[in-house]
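The first chain written gets the first letter, and so on, giving A, B, C and D; residue counts start at 1 in each chain.
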Amino acid sequence: MKRIIGVIGGKRTEKSLLKEAEEAGRLIAQNGATLVSGGLGGVMEAASKGAKAGGGLTVGILPQNDAKEANQFIDIPIVTGLGIGRNVIIARTADALIAVGGEYGTLSEIAFALQMGKPVAGIKTWDIKGVIPAENAADAIDKILAALA
Amino acid sequence: MKRIIGVIGGKRTEKSLLKEAEEAGRLIAQNGATLVSGGLGGVMEAASKGAKAGGGLTVGILPQNDAKEANQFIDIPIVTGLGIGRNVIIARTADALIAVGGEYGTLSEIAFALQMGKPVAGIKTWDIKGVIPAENAADAIDKILAALA
Amino acid sequence: MKRIIGVIGGKRTEKSLLKEAEEAGRLIAQNGATLVSGGLGGVMEAASKGAKAGGGLTVGILPQNDAKEANQFIDIPIVTGLGIGRNVIIARTADALIAVGGEYGTLSEIAFALQMGKPVAGIKTWDIKGVIPAENAADAIDKILAALA
Amino acid sequence: MKRIIGVIGGKRTEKSLLKEAEEAGRLIAQNGATLVSGGLGGVMEAASKGAKAGGGLTVGILPQNDAKEANQFIDIPIVTGLGIGRNVIIARTADALIAVGGEYGTLSEIAFALQMGKPVAGIKTWDIKGVIPAENAADAIDKILAALA
């Protein structure tokens, strides 16, 4: 099976972070991995856009009841109906996470992934012990792939 | 987005039903749809094998905590950690279901899908009002596609 | 710990069945058990009303995000935010279930409970192998308590 | 309905924090609220012990499939089978949380509660914006009750 790498972050995010999310998605695809995200807007959409530009496959773990809430770059919408309870599935499904900015929802995903012992790289995100700080998308990918190797 | 069609059924199933499940998977793929299933053995594995033979993509919504429990024909393992609570996600993610045999777990998925108003075709499965009876895989696909049209 | 017995059934139900649900709740309380239900209206509310009249404790496993959706007879609202995905928790939490009428949601709960090997008594509900048919609330309680003994 | 207040924290915790958890449980009960926790050992057990000593009611939202995993002070075991995915239900069910120490699981619960806009008081726990720092159990209860008023 291919590796699955997650990009997590908020719906409302500053432009510079959206650029990093898009670049992270592109690099995930170019490294032969599948992208998983929460499937909505903001960082999730930017990363999915990047992954599609990089020729990759995108999975969106959606909170509500309808595949139509997925952003336009999601290939595989997983419709959970579990609300933010779906965050644990993003952490479980990913082999590693890249957090880009983000609010409390992102923090819950970081917490779950670290509890599961998975590598989490962070770009301008929560300062939590265990998160690997990264300068930008390229740095985050390098560090994640090294941690998974 | 591509259609997503689910095949549901038990881990322990008689051979003739595994053949129908495999054929259903192949037809789902050949009709341009993605296959979703519970990702484990028996009917789930047979359908996934068929979908891969048909050139399709396979998603497995797994109950436990490890992608390794997926059968060898799953492209995208969604690792939920929710136990049989994951059954509701199979029903939510699929546009329609084909039930092949099956025990109580399959019955819970049929119930959820019918509650959501989704077409469910059944091959030698639970006799529940709302399930569209089908002779075999080809008949089930025809009826599902007609219901979705 | 006290026994926990669930009463399941639909939001819209005919009067005669609401009477049975109320009586089932009363008998559960009078037999020293705690009542669990989905916490909403119809059968769930009638059973909770009966349990309070019988001096018992009532737990409601709610689908949405707000305790306010609980009916007025719920002592302990468990707010899941999981939608109908919460049905599996009702089955897991109860030692046994009494199904009173009910539509597809009730069927999913019956299926889960039977999969878990728990006794399910049914009053004018789905005709599923494994469900113990009961004439009325008193009969259902007798059969459930015998099965749990 | 009575208020429901949660005490969250780890299974393995230093003695001084267990004392604070027990005191928090006692004060929650004495203030007329129901205690909710994850239902297992450590901080969860200490808080439940305190709540029972204070004459209160204790709810445990359990991760696995069996009520027997609940600690001996749990009155109402809610058996989810959702693994750590149950953390979101603890946050949803509580009107407010008191975090006592804790590792990544506790962090996920803090994150969810803050995302839901609920007051979270913290005793020697994660330093997250939005958490109200408290010296000890009495201070935490005071601050939580003030925030809920």
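In the analysis below, contacts are C-beta pairs under 8 Å (C-beta built on N, C-alpha and C of every residue); 3 or more make two chains touch, one makes a residue touch a chain.
Please read these numbers as outputs of a predicted model, since none were measured by experiment.
Interface subunit A/subunit D: over half of the residue numbers present appear on both copies, so the contact uses mostly the same residues. When chain centres are set by their Cα atoms, the one at the greatest distance from subunit B is D. Distance from the subunit B centre to the subunit D centre is 40 Å, each centre being the mean of its Cα atoms. Look at where the CA atoms of subunit B average out and do the same for subunit C: the two points lie 30 Å apart. Counting partner chains per residue, subunit A has residues 65, 80-85, 88-89 touching two or more of them. By the touch criterion given at the top, residues 1-2, 4, 34, 57, 59, 61, 65, 67, 70, 74-82, 88-89, 92-93, 116 of subunit A touch subunit B in their complex. Contact residues of subunit A toward subunit C in the complex are 65, 80-85. Taken in their complex, subunit B has these residues touching subunit C: 83-85, 87-89, 103-105, 107-108, 110-112, 114-115, 126, 128, 130.
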